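Next come two complexes built around chain A: one with chain B, the other with chain C.
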Partner chain A sequence: MKQGGIDEERRRFIAFALTPSLIVLFAVAVLPAIYLVVTSLTPFQLTAPGSATDFSAPLRNYGLLPGDPRFVNSLVVQAKLSFWGVLFQVLLGMLLALLLNVQSRFVEFARTFFLIPMVLPPIVVAVIWKLIYTPDISPLYYAAQALHFTMPALTSSVDFALTAIIIADTWEWLPFTFLMVLAALQTIPDEYSEAALVDGANRLQIFWYVTLPFITPILVISGMFRLIDSVKAFPLIFLLTSGGPGTVTEVTNYYAYLLAFDTNEIGYSSAVTVVMLLLVAGISLGLVWMGRRREAMA
Partner chain B sequence: MSEHSGRHATPGRLVAITITLLILLSPFLWLLQMSFKSNDQILQFPPPLIFTPTLENYISLWHSAFSASFVNSLLSASLSTALALLFGIPAAYALSRWAGRGKHGLSFAILVTRMAPPIAFTIPFFLFYRWIGLLDTITGLVLVYTSFNLPLVIWMMQPFFDTVPISLEEAALVDGARTRTVFTKIVLPMVTPGIAATAILCFLYAWNDFFFALILTRTNARTAPVAVVNFMNYEGWEWGKIAAGGSLVMAPVLIFSLAVRRYLVSGLTAGAVKG
Partner chain C sequence: MKNRADQPARAITRRKLLKASAAGAALAAFPAPLIAQTKPFAGVTLHGASFQHRFFTLLQKYIPEFEEQTGMKVDLQLSAFPVYNQQANLELSSGGSAYDFVNVTFILAARWVAAGLLSNLDEFTGDPNLTPAEWNPKDFVEGAQVPYRDAKGGTYGYSWEGGAMVMGLSRMDLMEKKGLKIPKTFAELQQVCAEINGTDGASGIVAFRLHHWNLPPYIQGFGGNIFRNPPGDIMPALNKPETIEGIEFYAKLLKSAPKGVLTYTEDQARQSLLTGRSNIFIHSSAWVTPILLSEESKVKDTSRVVRMPAGPVHDHPASNSQGLGIPKNAKNKKAAWEFIKWALSPDISMRLVKEHGHSSVCRRSIITSDAYRKLNTVNGQDLGALYLEVLELPAKGENYMAYRTVKEFPIVGDVLNKAFEQVATGQLPAKDAMNAAQDQAIAALRRAGTQL
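Showing the complex of A and B:
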């Protein structure tokens, strides 16, 4: 009887501890999401009274999207940015992790410094790359000048602007993949590579047949995280290119921002955001599903 | 712990590591050295690598509106951290001890609330704040940062509670203690390091925010990251101030990151799903 009393009290305490958070999360996450969908069904403009509650043509915004070249372009730009960014971050992160996977007090101490770009405030990262890409004060342009080589203006060039963003984004997030891969490398038992060495494998073969299969899951997972997160490059785009030149670096996130807070097209921007959310959610769920399948097969 | 497959450090590898580190950090170091240069020195070609450092950029920031925005950042980041901990810690404990079905589903759902790109929250928050008058207020910022940090607290604290042996609690309960007392007197003291690490990460997330502050504040509640960018728009690209402002904004981040580097992975991974 006493046991039952304790259980009952515990159950009540657990409910009591969980409820406030659930209420807060509902209020600040679920309600805004619903409100976003509601606004996306209206032609809401901050300057047009009554437009916020005009549900006469609820799917109008969504109908406009496929024919909006800026929207379609923004998806392509995001795809390019995500693809190259994730690829470079995973590859370079892996190389860095392989380089730093040594037993040494100095290296263990140094590892923390490799994490700096990732922990810096994103806007400071953007300021740093603004310096690097601004010709009058940039060490990059100084070096080019000293070598009598003319550097093109990277962030205002149609050909280089997106690359400039990808480079900065890679610099910022490479430590993340590095950290994940390093953690995986440290779980590989020494015996494996020692056994391979005894069998006469060279270092490349050990990497290919022992190390790589071991770290493949973490390469996939960290790439996944970065893919989902790659829509977050906002500060870089905001500060370095403002989406330009033209719309060369205008990702969907930035387009939605301009629509809502530059041209006051709240309704249309909400529709763009809803589609973007669905895409991100779809990609995440797809990746989770793929992960489950892999686990089930292994 | 030390039995991992790391090779022993050869001198060649140590040199390679040092060079890589210097290359990786050079953009960051460039900003730092620039903050100690006068505007004339900044524009000199070739750039003087050896120069007499000056604090004039920092001093002029101290006397400008930047100091107020620095205080705004401190206030909104600390208050939102405190609130997120207040709500999140009991919730994390409940999830850790809850044996019922749907536990994993619920903790995943909580994390998903961080997955959406910030723009999805800014439009509703902006409209709502505009309606009830919370635009450009610290309260408004604290509210939005708390909502972003709450899932992080729940996600990060749960494993810490998992490590507290349940038998310890049961013993106290059998002795007649109330669950509430067991939680505050026995469980909480055991997870203090976790609370400290979580608090720092929450602080950093709020401190690092640019997007919400850009849209939800104007002048009164403007935070330091937005203030740095404003030096580029209105005051004619004062690079010295921009560099000094940037350095000041990253100072707490660097100090705190060193303090919690053991917990960085779990914190950043939980955050990474945010999008």
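Showing the complex of A and C:
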């Protein structure tokens, strides 16, 4: 009886402590999301009075999406950007963490140095890369010129524009995966690799059979975080290419931005955003499910 | 018996009546000066909004004088261009009364005027008690006023800024060496750009990524347009042969531009011109004339600013203006008019020119004044006359800038931007890109509820 009373009191305390956070979370995350969904069911346009409350054809926006070539293209561009961006960030982050997972003052300094891109405001990162990619003022182009090598204009080239965004995005977020993997590497007891060495395993085998299984969950989690975040590569695209040339780098959130802020189609833009939200949620849940399945199998 | 303190506050005494009569008689005799003396708007807080622009930054220096004269407070909210347009759209469309005066944005003017969201300013200019004769509404350049008129000729805004497209040439020294003259036709422009490109490290031409501003003069030059016959007929005309010809011409022209020009910002293009890295820049005068006027310019001695070349069919350099107006539901309309009248007065306009070198004003009397001409004549080039000439053009004959004042322009303009980039980068032949653009523009307009 007394035990139950303590439990009840504890539950009440937890509920009491959590309530303010839940209220704030509801106000800043859930309410706008609900409003987004509600808006997506209307033909809301800033220039059309009354359109925000017109629910006469609630699924009209969603019905139009499959026939909108720019929306379909934006999904494809987003998929390419996310896939290559996350792949590079996870692989390079892991490689860097493996290289710098040693005790040394220099390496400690190097680790701090590598974190700089991640802590810079995204718009500053975009400006840095804008300078690097602008042919007539870029040190990259001066170097190429000195080596008698002709470089195309990366951000306005059909073949390189998306790659240019992926490179900048990787530079910015590589430290995140590096930091995560490094933290995981430092939790691996030395005994495992020492035992493997005694058993005659080479470095590659130790990595494959000892290190990799330890850091795989972290790689999956880092990849998942980066996948979700890759959908928000907005400042880079806004500043470097404006989605161009043509629609080569026009990802879904940039298209949604154009619809909402350039052409005032708030309702349709909301529908685009809701679909994007569902896709990201679906992918995230899929990855979580895969992770749990793997754990269960282990 | 009641003492004075017990008397009702509104009781009219003989002395008060005499005072009021005297004040009324004086107001009728000398209406304008009395505003300063009687301060009829004392205690009023005037709320206004616009996008950030140098004009308002400069005007803010003078606003304390206006507040002192009238007794009112001015709360001027300045936001980034897209942010302001959304706020104002929402505020005006929803019938709000948060603002007493607003910027009437060029690209939204036709919609706001047609939808009756603004007050007819003729009611104020037509009343001699509210507007003294010397304010002279007809002094505003006609071409800059066209967007703020309704079909009946009523005026809903007065322009505070004009943008007239002109051509700057930074390397006349190179052109003279090669025996090239200032191009006056599209064909000559193409030839000059191609011949100068690469000479002494200079590009033939520079531009920036707002293609739907830079490109239409070429489309119109070949006889095409963005819409079939705006503002009445807004069926997109993106795949007409004349339009395609204009697109192909401009894409070819940009082959003489610096690498990466498709992603250039206005600032990048301006710097390229000011440092002589690009020979030609065709844009609003405020962006081009600094080659002659700015201290940053490294090419003052070798520069010229002239009319942009004419097309084979039309000579239609782009122009625009921004206006000040009063929302239909504003709470303090007379006070707002007092502010607009003051902000756009000949006196303030001239002070902006003289004290700050701000030349893009829209009062003819100022632009043609000796003081303006003196300040804006460089190396024998009368920049004011050029500015005025281009700004006037849309009011002569057809209003060829009407395409940009219809509310559907942003949607079609966005499609045009994308299609042009596809052509310029060789992703699609012009005909295919523009056929696809036409379909996309129609679909987007229908999606947005436009009846075509």
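Note that the second predicted complex is superposed on the first by the 279 of 298 C-alpha atoms of A that agree within 3 Å, B and C clash if a C-alpha of one lies under 4 Å from a C-alpha of the other, contacts with A are read in each partner's own complex, and residues count from 1 in each chain.
Note that contacts are C-beta pairs under 8 Å (C-beta built on N, C-alpha and C of every residue); 3 or more make two chains touch, one makes a residue touch a chain.
All figures in this text were calculated on a predicted structure; none of them were measured in a lab.
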Task = Quick one: classify A:Pro122 as touching chain B (first), chain C (second), both or neither.
result = first
Inquiry  = So in the superposed three-chain picture, is A:Val72 touching just chain B, just chain C, both, or none of them (first/second/both/neither)?
reply    = neither
Request  = With the two complexes superposed on chain A, say which partner A:Ser156 touches: chain B (first), chain C (second), both, or neither.
outcome  = second
Query = If you count the residues of chain A that each partner touches, which comes out higher, chain B or chain C?
reply = B
Touching partner for A:Thr263 - first (chain B), second (chain C), both, neither = second
Request  = Determine, under the contact definition given at the top, whether A:Leu99 touches first (chain B), second (chain C), both, or neither.
outcome  = first
Request  = Could you look at A:Leu212 and tell me whether it touches chain B, chain C, both or neither (first, second, both, neither)?
outcome  = neither
Message = Looking at A:Pro20, would you say it contacts chain B, chain C, both, or neither? Reply first, second, both or neither.
response = first
Message = After the superposition on A, what does A:Ala48 contact: first (chain B), second (chain C), both or neither?
response = second
Key: Which superposed partner A:Ala57 touches (first chain B, second chain C, both, neither)   = neither
Remark   = chain A contact set shared between chain B and chain C covers 136, 261
Message = Can you tell me which positions in chain C touch chain A when the two form their complex?
response = 82, 86, 89-90, 93-95, 108, 111, 209, 258-263, 268, 272, 277, 407, 410-411, 414, 417-419, 421-422, 424-428, 440, 443-444, 447-449
Inquiry  = Can you tell me which positions in chain B touch chain A when the two form their complex?
reply    = 2-9, 13-14, 16-18, 20-21, 24-28, 30-31, 34, 42-43, 45-47, 87-88, 90-91, 93-95, 97-98, 110, 113, 115-128, 143-144, 146-147, 150-151, 154, 173-174, 178-180, 183, 204, 207-208, 210-211, 214-215, 225-226, 228-229, 232, 239, 242-243, 246, 249-250, 253-254, 257-258, 261, 264-265, 268-269, 272-275
Note = In the complex, the residues of chain A that touch chain B are 6, 9-10, 12-18, 20-22, 24-25, 28-33, 35-36, 39, 96, 99-104, 106-107, 110, 112-124, 127-132, 136-137, 139, 142, 145-146, 171, 174, 176, 179-180, 183, 185-190, 192-193, 211, 225-226, 228-229, 231-232, 234-235, 238-239, 253, 256-257, 260-261, 266, 269-270, 273, 276-277, 280-281, 284
Query = Which bits of chain A are touching chain C when the two form their complex?
reply = 43, 45-49, 51, 64, 67-70, 133-136, 152-158, 240-248, 250, 258, 261-265, 268
